[in-house]
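The next part holds the structures, each set out as structure tokens.
The following pair of complexes shares a single chain, chain A, combined with chain B in the former and chain C in the latter.
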Partner chain A sequence: MHMLTNLMAQQTIWRLPEESRILFATLIVLGAFVLILGLAPVLQTLPPRGRRAIIVTVTFLAGLFFAAEFFLPVDWTAIFPKDDPKRNFLTPAIQPAQNVLQIIGALALGLGTFGLVRLHLRNAVQRRAQWGYSIVLLVSFVVMATLSILNTLAEKEIVERGPVLKRAFSILFDYTLVQLDAAMFSLIAFYIFSAAYRAFRIRSIEASILMFTAMLVMIGVVPLGAFISYTLLGLPEAGAPEGANFLTQLEHSIGLPKIANWVLTQLNAPAQRAIEFGVGIGGLAMAIRLWLSLERGVT
Partner chain B sequence: MQARTQTLWQRILGIDRRWLYLILFVNIVTFLVAPIRMPASVSPPVQKFHDEIEKLQPGDLVMISSNWSASTLAENQPQLEAVITHLMRKQARFTIISIEAQSRDISYRLAERVTKEKGYQYGEQWAHFGFVPNLIVAIKGMVTDLPGTIKQDVRGTEVSKLPVVQGVKSLSDYKMVIDVTPSGTVPIWISYSPKNVSILYCPTSVMAAEAYTYLDSGQIKGMITGAKGAQEYEQLLTVVGLGTRFMNAISFSHVLIIVFILLGNFAMFMNRLQQRREG
Partner chain C sequence: MDWLLEFLPRNLDRLSVWIGVLCTLAIYSLLYRENPVYRFFEHMYIGLAAGYSLGPLGVDILYRYWIEPIWIQGYWAWAFVVPYGMYLYFIFSERYGWISRIVIGTLIGASAGLFFQEFSSRYLPQLNSTLQKPLWVSDANPDMTYGMMINNILFVVILLSVLTYFTFSYEQRGPVKRVAIWGRWFLMIGLGAIFGNTVMARMALLIGRIYYLLNDWLMIRVGGG
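So, the complex of A and B:
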């Protein structure tokens, strides 16, 4: 109890020396683990409304912590004389809270992996349709994961990086995964080509404006645009001199790269800004709805 | 019943997509291997990017956020290579962080290769902080306590013991952040990183349109747009890298797309005209 009072007086478990911090962190994790194990059966017995109340409360408190840390004034030395006047009393807790978030993120990754393996194991065991692909996935998963883990351990000099490991990882990562991934994405170019050929048709004034603008930007942003404008047509690449007449200014502004840049900065940017304002306000509304558990998914 | 014969225009309009794929494939391969080098016109965002790095003093610290996987390798790899080359020329120290699991390996190996060629020392002049699963959390953590957030580099060395970040307590001790990414991560860097740190951006071409608004506001100090931007940057650095090699194929693919759009419209117009004549 005395220790706890001391901690409260310092109001910083996270500022303790390394050994004590590890001890306290371990105790907290173990305590949370026991709590969760104990709470799970209790939660199962609760009616949906009770469960919802717990979820809503936890969500609200978690959100409140981050909001309060951000909005509270920084200087709390009047109440906590030992505190840093450049930050409020919640700021030191931000780092541990973020560590917890990172752990949750990593757990989500683990959960996804577990779900994927379980699904394909079931496919393979029950010999469902196309179960052969599941076997390929599981074998690839195990081999790649094993070699990746060994490679990471070798980078940290925990295990020795022998020629077999080096070669095997290189074959799987550099010469298989990276190449397949790049090939998959590059297929988009072919779809875009086919779609542009079929879809870009002059059917209305708006479509015509869109098409010609797109073509100007497409040719203006690549070196060929500069070649056509400045080498073939002989247009000046530099900006117009100060006080030049209208025709000279026009001559200095109609190079394809300059037109493309004008479209991107003067037409595209304001439209993007308007969209981003809308998205931002929508995001804020959505964040408040999630924080207050007004979303339908929270049950 | 005799099938109605298609006119030339109808056949052009209904061309099998596999022919289009083949034409594009031949075009890309031809111009990838063709020894044609067309100089680029350096766009203002790339020039600004270059000028911003030119301002660095030897020993200045830069954070590179490398969040790309192999799928966007054709655009992000030339960017990252060009940026690292420039940072090494300026004798700047740099650290790399990845929020994309695959990028951790790709960027580490790429940086290792590029730095080894120039004799840049790992740990002394550069380091890789590895993969972090949540960018917002990572940035907020690095702003308050960088060694405590990252803890170890990819080689398992404690960050506080790395000479490259000796004495660094927070992200505020960095001069700039360079975000090399195909995702919309730059608004996160803008929102959460310290105000004294400049932000530079290397997006894929498709993401660049959204970033012009941040360029206008000065929240991004410069931008290298895809492989095209990388070529312009390589031109400024007077090196021939991947960007320069890829750009020919991209240039002529754009031309091919434009030619086929025009051809499609012409065929549609002629087809309509013919139908009208036939009543």
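So, the complex of A and C:
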């Protein structure tokens, strides 16, 4: 027991020995796969109530870990001795826990990609309507995935970044994907005008306020606002001098760019903050419901 | 592999412009109507985007947080993380599908736990700064001007009236309803400002594309370029 405590204190129990590390690591990974995937048939024997209990417990423990790390006082020395007075005994485990979430998140990304590929592969194999586009998607996916993975490995100096990889990746990423990305998002500009037209057609006080503020901000933040205010109307561009009277101060602050800025910082900010408070309280309530598995759809 | 170089263009400058123009015009062809050229480039875009994400978001993370700690640093306990995460893929099985919910539960539980941290680090400082705004000029805040005072009062009035509008716990009537109506109007000012900003951001993207077509493709120098 004393030896085990010593080993844990030195952290040697968690690390494989330097010699034959790759062999041991490979064997342990294979063993982990066999063990955890082999557990699936065992889990399958559980009755529905037992299955739900497992999911609820795992969800609760995962949430409890992060909540406890945050809420527990740092002064916890009476029970768990620690080396740093600014953290409690759970803090050192936070970074590894977040890394675990990153890994699971990366696997979830693969899940989405797998779903996409499966759908289009089925379209192509069964020759459903417009299956040719599925072929286009699959070919561009396979080529780009290969180059992207090779490029990532080349960044880590695991494979060599040859001229073929460099040029082909550049053509597909810089000259195609980035351009398509920019074109696709700029397309929204046309639709946002159509949405604005529909929104502003509704005749009400709310729609009028919305339209007026939007127009003010749009004109105020572009050079047109400055041109109308300072060139056409001849309003002073600079701030009011020290000790100026109220009318002079007013004259120096009614340029469209200044009004737009005032609307954004003084009228928009509190309204946004109120929305954020609502979102925050709603999010907190939802977090508690999810953590305690009260949302039936999830568990 | 070098023989492949023969099939790839040597000078990428003009080719890149032509590819970019082709992509842009193909995507913009949707403005006329849905057509095969747009559909082709749309599917190519989805394929390229999905394929690209596997490198930096998949392989990079797995290498950094799983392969490196096990095979290079020798921390064997990490070996169990990926097999556990692989339970996610059971979602495609009718029989074993429920097992994927264990991993989904881990993600949801952790997100809920992390939200407590986010709430206190994001919303409580905002609440604190709102409550600390001085509402009148006094000796305690000698640097405050009357302009700042009016802005602070306006800030608190708008915040409280918008929060009143969002209070649905009881029926709003009388003075509360009047405050809520004002809150709705203030909310419209906020939404109008957000909408105006969004339009301008999208316009900036559109201007960028038009600039690219004129400047890089047609070589028409605009905007002092």
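Keep in mind that, in the parts below, the second predicted complex is superposed on the first by the 240 of 299 C-alpha atoms of A that agree within 3 Å, B and C clash if a C-alpha of one lies under 4 Å from a C-alpha of the other, contacts with A are read in each partner's own complex, and residues count from 1 in each chain.
In this section, a contact is a pair of C-beta atoms (placed from the backbone, for glycine too) under 8 Å apart; a residue touches a chain by one contact, two chains touch by 3 or more.
As the structure is a prediction and not an experimental result, all values here were calculated from the model.
Colleague: Where does A:T91 make contact in the superposed view: on chain B (first), on chain C (second), on both, or on neither?
Modeller: In the superposition, A:T91 touches chain B alone.
Colleague: Touching A:G110, do we find chain B (first), chain C (second), both, or neither?
Modeller: Touch partner of A:G110: chain C, not chain B.
Colleague: Name the contact category of A:A238: first (chain B only), second (chain C only), both, or neither.
Modeller: neither
Colleague: Applying the document's definition of touch, where does A:F60 land relative to chain B and chain C: first, second, both, or neither?
Modeller: second
Colleague: Of the partners chain B and chain C, which touch A:G255 in the superposed model: first, second, both, neither?
Modeller: A:G255: touches chain B, not chain C.
Colleague: Give one of first, second, both or neither to describe whether A:L35 is in contact with chain B, with chain C, with both, or with none.
Modeller: Touch partner of A:L35: chain C, not chain B.
Colleague: So, does A:S194 touch the first partner chain B, the second partner chain C, both, or neither?
Modeller: The first partner, chain B, only.
Colleague: Regarding the shared-chain residue A:Y230, is it in contact with chain B (first), chain C (second), both, or neither?
Modeller: first
Colleague: See if chain A has more residues touched by chain B or by chain C, and give me that chain.
Modeller: If we count touched residues of chain A for both partners, the winner is C.
Colleague: Check whether A:I202 is in contact with chain B, with chain C, with both or with neither, and answer first, second, both or neither.
Modeller: So A:I202 only meets chain B here.
Colleague: Which chain A residues lie in the overlap of the chain B contact set and the chain C contact set?
Modeller: Residues 99, 101-102, 105-106, 109, 151, 155-156, 173-174, 177, 179-182, 184-186, 189-190, 192-193, 196, 211, 215, 218, 221-222, 264, 268-270, 272-273, 276 of chain A touch both chain B and chain C.
Colleague: Give every residue of chain A touching chain B within the complex, in rising order.
Modeller: Residues in contact with chain B: 91, 94-95, 98-99, 101-102, 105-106, 109, 151, 155-158, 173-174, 177-182, 184-186, 189-190, 192-194, 196-198, 200-202, 211, 215, 218-219, 221-227, 229-230, 237, 255, 257, 261, 264-265, 268-270, 272-273, 276.
Colleague: Applying the document's contact rule, which stretches of chain C touch chain A when the two form their complex?
Modeller: Listed in rising order, the residues are 1-2, 4-5, 8-9, 12, 15-16, 19-20, 23-24, 26-28, 30-31, 39-63, 65-66, 70-71, 73-77, 79-92, 95-96, 98-99, 101-117, 119-120, 122-123, 126-127, 130, 151, 154-156, 158-159, 162-163, 166, 183-200, 202-203, 205-206, 208-209, 212.
Colleague: Per the contact definition, I'd like the list of chain B residues that touch chain A in the complex.
Modeller: Within the complex, chain B touches chain A at residues 15, 17, 20-21, 24-25, 28, 38-41, 43-44, 69-74, 102, 105-106, 109, 132-134, 137-138, 140-141, 144-145, 148-149, 154-156, 208-210, 212-213, 215-216, 225, 228, 231, 247, 250-258, 260-261, 263-265, 268-269.
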